[in-house]
Every structure is written in structure tokens, then in C-alpha cells.
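The two complexes that follow have chain A in common; it is paired with chain B in the first and with chain C in the second.
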Partner chain A sequence: MAVDQDWSNVYPTAAAFNPSSVPLPIRMGYPVKRGVPPPKEGNLELIKIPNFLHLTPPAIKKHCTALKDFCTEWPTVLDSDEKCEQHFPIEIETVDYVSAGLSVRNPKARVVTLRVKLSKLNLDDHAKKKLIKLVGERYCKDTDMLTITTDRCPLRRQNYDYGMYLLTVLYHESWKTEMWENEKTEADMEEYIWENSPSQKNALDTLLRIRAAEKTTEVTREELLASGIVENYKTSVVALKNEGETENNVLQYKESVMKLLNLQALQ
Partner chain B sequence: MAAWGGVSRLWRRCCQGPGTFPVNYSSRDMPKQYRFLLNKDLLWVQFSGLHTDLHRHKDNSLVSISDEPDTLYRKLSVLVKGHDKTVLDSYEYFAVLAAKELGISIEKVHEPPRKIERFTLLKSIHIFKKHRVQYEMRTHYRCLELKHLTGSTADVYLEYIQRNLPEGVAMEIKKTKLEKLPEHIQKPVWDKLLSVEETASTS
Partner chain C sequence: PLPGAVWFGLAPPSPLCGRSLAHSKMAAPLWGRGLTAAPWTRGAFSWFLPCRRAIQTTAVCHKNRAARVRVGKGDKPVTYEQAHPPHYIAHRKGWLSLHTSNLDGEGGAAECTVEDVFIRKFIYGTFHGCLANEIVLKRRANVLVVCAVFLQRLPPYKFYFLVGYTETLLSFLYKCPVRLEVQTLPERVIYKYL
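And then the complex of A and B:
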């Protein structure tokens, strides 16, 4: 066998191992007792295993230079994830399956997952809350991501169309305000609102009674509401209810209550 | 925006300018569509590299360029499964080298842990319950994650990879495609509908 021949001409495509064309001293198989693995002549193990003799690095480089003409470049403007999200907010995830078997098709290939961040959609406050309620489990609050997975149609294109239709319908329905939405009770609220809550009533009543007991100048409810002490109390209560009890929140609440009731700090 | 419109018109003229590309289809080689991104905001990026690309592609008669915007894939995840780890090692070397040659950025190459499925059967066809035989099937995995691919590049790379998939190895490809918000989601449709109803009722 000539030493300077082109290896990609010997194995241009995938082919079974031919011991006479491969000039390497390969041995493969389980050795007999006190012996060596069998040589390559008539070795079934070497023929069975898939070989990559047609894919040597120079052959791969040759293939890639020929294929490079058909490739396009990624736009350099979209180099980071944030820029991708800013220009292209929707992500579609599809899976393809390649395997050998009786059939080429795989029924799992029709699943389509649509992901979008709600901050990129044009929603106002009421629309956003209504959309989150409509969608339920499909919304993740930490990442602000809405995930719609569709697989009810037999074809992938149909599932994709159905997913976009669902997104469109959710968006437009959340902008509508129905008659029965006026009956929203406090139990349905997603976050704590201080206006017209028992906490506000109690605080204002207490302050008014303090003022009346000390017989100082009459102060109206609106003036009390606008004063800085009550604002402080309001922010600390809202933080406690919405974010939960952290060290900072509880300390802030303690200070605002002391200022409200004019107590001196215990030494 | 007028400037961008002018640029896009200039680009179309330039594309059809120097004669039509000679399209010789040979029955073996399928011509690939070389699609450009037609987003007005990003057009200036494509235009700058255009003249060199055009010249290179004019020489290759199999390449055809169309005006359709290219799809963009943020991530392409290729998972190969096989019974033999060494075959997967060789395949991973091939896939990584091919990606590097084609200029695709590789995010991560890792090996998920193997799964072994074992079951126990009776050794004899009749009685002898105490004598059994155990079989197992080992599946090894390799995952190759690529990022920031265009549709044409992804098609080329995947076809190359899949044609050279060895026997006994299966593959799963997860594509994450980027898309813009469709026009019907930009604004709620109720405002337009109300105005249409008013004009219909008054007229």
C-alpha cells in the first residue's frame, strides 16, 4: 500500500472494516489463556463495531470547507441574552428525534413549548393580574416567564399555531374587564393594599383618639394620612405583608410603631 | 426610518443586480437556501459584510440566496445515546471538530450519567424457578450544547451530523427558536373594534 496516498480516497464513506486496506496492526477481542488479542485478519469484532475511518480530521476539514458556503453568520448585534430577549421576546422549543427502527416518526416530536416574559408584552396592571390568574400554574413568578406547552394536535405546525393562538387569546382577554370582576374580594387580591384596610382604620382611629385625649388642635383624617409618620407605618406594614418577615422588615415596623405612638426606645 | 427603507431597497437591487445566479441543480446535491435576516434594525450589520459574501457565493453555483429572513436559534442541544461509550467518544470528537470548522460556538460538552436497565427471567422454559438469568441494557449519553446559530447553519450542521451518525446510536435535538412578538399582540384589539362599531352604527 502506497504511503503517500490520500486516506479520504480509501474510505470516502462509511464502510465496514477491511483488514487489507487499513495498514494498522490492530488487535481486538478477548485473548486466549496466556495469549494476546486476536489479529485483524478475519476478526469479526472489528467488522461489527462502527468505525470512523471515513471521518479523519483532514476529511472532516475538507467536508466543512465545502459546506461553509451554505452557512450564514449569526448577527453580531445579538451577542448577549438580554439583547436577544429585547429584540426577540418569544422562544419556541421543539425536539427532533433520530433513531433507527421500523418507523422514522416519533410521536413525541409534535410537542411545542412557547416561552415569553410578561414584561415584554404590552400589559397594564389589571391585564397582567388577570393574565396570571387565567394562566395559573404556567407562570413562574421568579423568572417572570409564561410557558405554554401544546401537544394536542397531531402535527408540530398545528401545535405551534395553537400555541400562538392561545397567547393571542390570553392577551386580548386580559385587557377586557367583565362585569363580575367588580366582585373581587380581599381574598382574591394578589398583594396587600393598605388603603381601606383594617390596619389603616385602626392606625387613624388610634391617632385621632390620642389627639382628642390630649386636647390638642383638631387634625383631620386627610392630614393624618398625608403626614410622614403614617406613611412610614404604611410602608413597613406593606413590606411585612408582601415580602414576609425578614429582620429588616420587622425592625422597620418596630421603629415606625414607636414613632407613631410616640414611645421612647427602651434602653 | 427613511434611511433604513432606502438601504433595504438598495440591498434588493444589489441582490438581483449582477444577473441571476446560474442555478445548476445536480440530482445528487440539494441546493441550500441562503436566507438573509431582513429585520430593518439589524440590516446594517448584514449589509457591511455583504459584498465579500456575495462575491464568494457568486462562484458557487449550488448556493441560492433568497430574501426570506433566516430563523435564529438561541440554543441547539444535541443528545446522543448509545450502548458503547467509545463510539460516543469518537462521535463527540467528530461533532466538536465539525462545529469548530463551521464556526459554531460550543457552549458545553458533557456526559450525563449512564442508565442501566436490568431484568431477571427464568432460565428454563418449564419449572426450575430457582434458576434465573439476568440481562441488562446499558445506555450511555453525550450532550453537546451549541449556541447562537442561524437556520441555514443549523440545517447544514445537523444534516452533516445526522448523515454520519453511526449504527446503533440515537439522537435527540432540542432547538430553541427566537421569534418576534406577532403584530396582533402589540395592542389590545378592543379599541379598534369599538371605533369600528361606532362608525358602523352611525353610518
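And then the complex of A and C:
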């Protein structure tokens, strides 16, 4: 082979190893005892393995220059992840399958996954709670991500359209308020609300009775509610119920209860 | 007198009946056919002929003979492919047939294998006596690539005709482009002599 011959002409596409075309002194195989691996002429092991002789760096450069005419530039405005998320909040995920065979079709390729952050959607408090109730398991609280996976239609485009339709319907339905939503009981509530709860009643009753027993100035329920001690108690109880029992929460609760019942001296 | 007539009606003290086989000369436990075919029941059986049918009752443990060339006097030339038995696949040997059907979640492995067997037999017959080694089959997307190493037993124009004939026929048979990548050698490459 001439030294200045273009290698991409010798191996333009993927082809089996040809010992007369490749000028390298390659040996492959397990050597005989006190011998060397067999040479490349007639070596079936070299033919069996897939080779990358058609993908040398100059050949890849040629492929890239040929493909450049069909490419467009990445928009300069989208130079960070946050900007991409801001302009394109919905992420669509699809998988393509390639295999060796006569058919291009693969039934697994019809699955479409839609992902969107609920903070990007225009939802008020009631709409957000209703949407989370409607989707159930598809919402992840830690990442604030709603994931819809559709595969009930035979084609990918149909699944994509169905996914977008689901998102639209969920959004519009969560803004509507039905008649029967007034019957929401305490068991349906997603988080603990302190107003009109037994904890509030008990705390206020206790404080009023303390004040009455000590015969100090009469204070009304509203004033008690507005006072800082009761606010403190309220925040600590709400934190305990909503976030669970952590070290900080329990200590905060202890502090607020001591302040409420004036137990400073027992430190 | 005829042997059959002498023993008719009497039970001879033969080691063929029932459990007394334990005392027979054979080491492996074999159960004879018992009283149904004892030599005195039919005149055709002769007592003196060693006619015995038996069945093996314990586990069989023969030596493994798959794809192995047995060691001889040192005059048997053997190629790399023949010299290595199947347990060396993936250690010292590669695979002769490459396709994606054996991956997780992919189908069509049986069809691929049947096609492979047919193509090997077909090429063995079309290029009879000219094959230096096994055929390597590669499936790349739609294409079936057959890599073969031939001996220079035929003139080149015959080779070209047979290659074209094989490619056309197999393409029509399997409804996909079939490519034959051919190399020729003056003689077979010998790995060692067994």
C-alpha cells in the first residue's frame, strides 16, 4: 500500500478485516507451546471481531464536514440550564430501539414520558392541592416534578398527543371548584392547619383559665391569639405535625410550651 | 435333540431370570427381559447364542465429545477453530455468528440461528472443497455479511460467478441484502498437529 494513500478509501464503510488491505503486522490468537500467536493471513479470529478501521479520526472529520451543511447553530440565548427550563418547562422523553434484523419496528418505542415542574404552571393554592390529589403517585414532592408516562396508544405521536391532552385537562380541572368540594373533611387535608383545631381550643382555654385563676386583667380570645407566645406555640405545633419529629422541632416545641405556661423557673 | 424341546415345561437354572442377575459377570446393573423372552419359551431362541437385551438403570457418564478433535499420532493437521473445544469460546475463540437477538429484551434468536445453519450448509455445498475454515456471519442493521476464507482450488472467474450466484440467491431467499466478503489462501492455515 502506498504511504500517502487515503485510508478512508481503503475502508470507506464497515467491513471485515482483510489481511492484504491492512499493512499492519498483527497477530491474534492463543500461541502454540513455545510459539507465537498465529499471523494475520487466514486468521479467522481477526475476521470475527468487529473492527473500527472505517472510523479513523480523519474519516470522522470528513463525515462531520459533510453533515455540517444540514446542521443549524444552537441558539445563543439558551446558554444555561435555568434558561432552558424557563423557556421550555415541559420535558419529553422517548426511546428509539435499534437492532439487527429485517424490521425497524419495536413496540417498546411507543412509550412517551412527560415531565413538568408544578411551579412553572400557573396554579393557586386550591388548584395545586387539587392537581396533586388528581395525579396521585405521579407527583414527586421532593423535586416538585409531575411525571406522566403514556403507552396506551400504538404510535408514539398518539401517545405524545394524549400526554399533552392529559396535562391540559388536569390544569383546567384543577382550577374549577365543584359543589362537592365543600364537603372536604379534616381527614382529606394534606397538611395540618392550626386555626379551628383542637390544639388551638385547648391552648386558649388553658390560658384563659390561668388568667382567671390569677385574677389578672381580663384578656379576650382575640388578644391572646394575636400575642407572641401563642404565635410561637402555633408555629412549633404546625412544624411538628407537618414536618415530623426532628431535633429542632421538638426543642422549639419545648421552648414554646415553657413560655406559654410560664415555666421558665424550672430550667 | 433340539435344545428347545429339552427344556420345554421345565424352568432351567438360567442366570437370565429376575434378580439373580446380580451374580452375573457384567459389572453394570442390567435387568434382563425376564420370563417373557426366556430361551425355553420360543423355539427360535437358542440357549447357546449370547442374545441378551438389557436397559441401563443408573446415570450415564460418557466423555464429552462436542466439537473436539481427539488427539492422535501427531499427523492430523488442525486449524485454530478445530483445535479449541467449545469451553474456550469467549476465552480463546470469538463467536462465528454476530447478531443482536441474544441481547436482553430482543427477539428473533431462533430465526437467526436457523438462517445461520442454512447459510453454512449452503455455502459448504456451493463452494465444495474450497472452504479453508468456518464461515463468519455478521448481521449489521438490514445487511447480512458472510465472511468466508477460500482455498485457491478454482480459477477466479468461477469464484466470481459463484459469489454472485450466492449473493443473489440468498438475498431473494431472506429478503435482505446479502454481502459475501471473500479472502483466498493458497492452502489451509495449520495451527497444530494432533
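Operating definition for what follows: the second predicted complex is superposed on the first by the 264 of 267 C-alpha atoms of A that agree within 3 Å, B and C clash if a C-alpha of one lies under 4 Å from a C-alpha of the other, contacts with A are read in each partner's own complex, and residues count from 1 in each chain.
Note that in this section contacts are C-beta pairs under 8 Å (C-beta built on N, C-alpha and C of every residue); 3 or more make two chains touch, one makes a residue touch a chain.
Keep in mind the model is a prediction, meaning the values are calculated, not measured.
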First (chain B), second (chain C), both or neither touched by A:I49: both
Touched partner set for A:I92, first chain B, second chain C, both or neither: first
First, second, both or neither for A:A14, with chain B first and chain C second: both
Touching partner for A:D151 - first (chain B), second (chain C), both, neither: neither
Contacts of A:A100 with chain B and chain C, given as first, second, both or neither: both
Touched chain A residues, chain B compared with chain C: B
Chain B versus chain C as contact partner of A:L121, first or second or both or neither: first
Contacts of A:D161 with chain B and chain C, given as first, second, both or neither: neither
Residues of chain A that lie at the interface with chain B and also at the interface with chain C: 14, 49-50, 98-100
Chain C contact footprint on chain A (complex, rising order): 14-16, 18-20, 29-30, 32, 38, 41-45, 47-50, 98-102, 108
Complex contact set, residues of chain C against chain A: 79-81, 84, 88, 92-96, 98-101, 103, 105-106, 108, 112, 132-134, 136, 138-142, 145, 147, 149, 174-176, 181, 183, 185, 188-189, 191-192
Residue ranges of chain A touching chain B (in the complex, touch as defined): 14, 49-50, 52, 54-55, 57, 60-61, 63-65, 67-79, 81, 84, 87-100, 116, 120-122, 127, 164, 167-168, 171-172, 175-176
Complex interface listing, chain B residues touching chain A: 32, 34-37, 39, 41-42, 45-46, 49, 56-57, 60, 62-63, 70, 72, 74, 84, 87, 90-91, 94, 97-98, 101-103, 148-153, 156-157, 160, 162, 164-182, 184-190
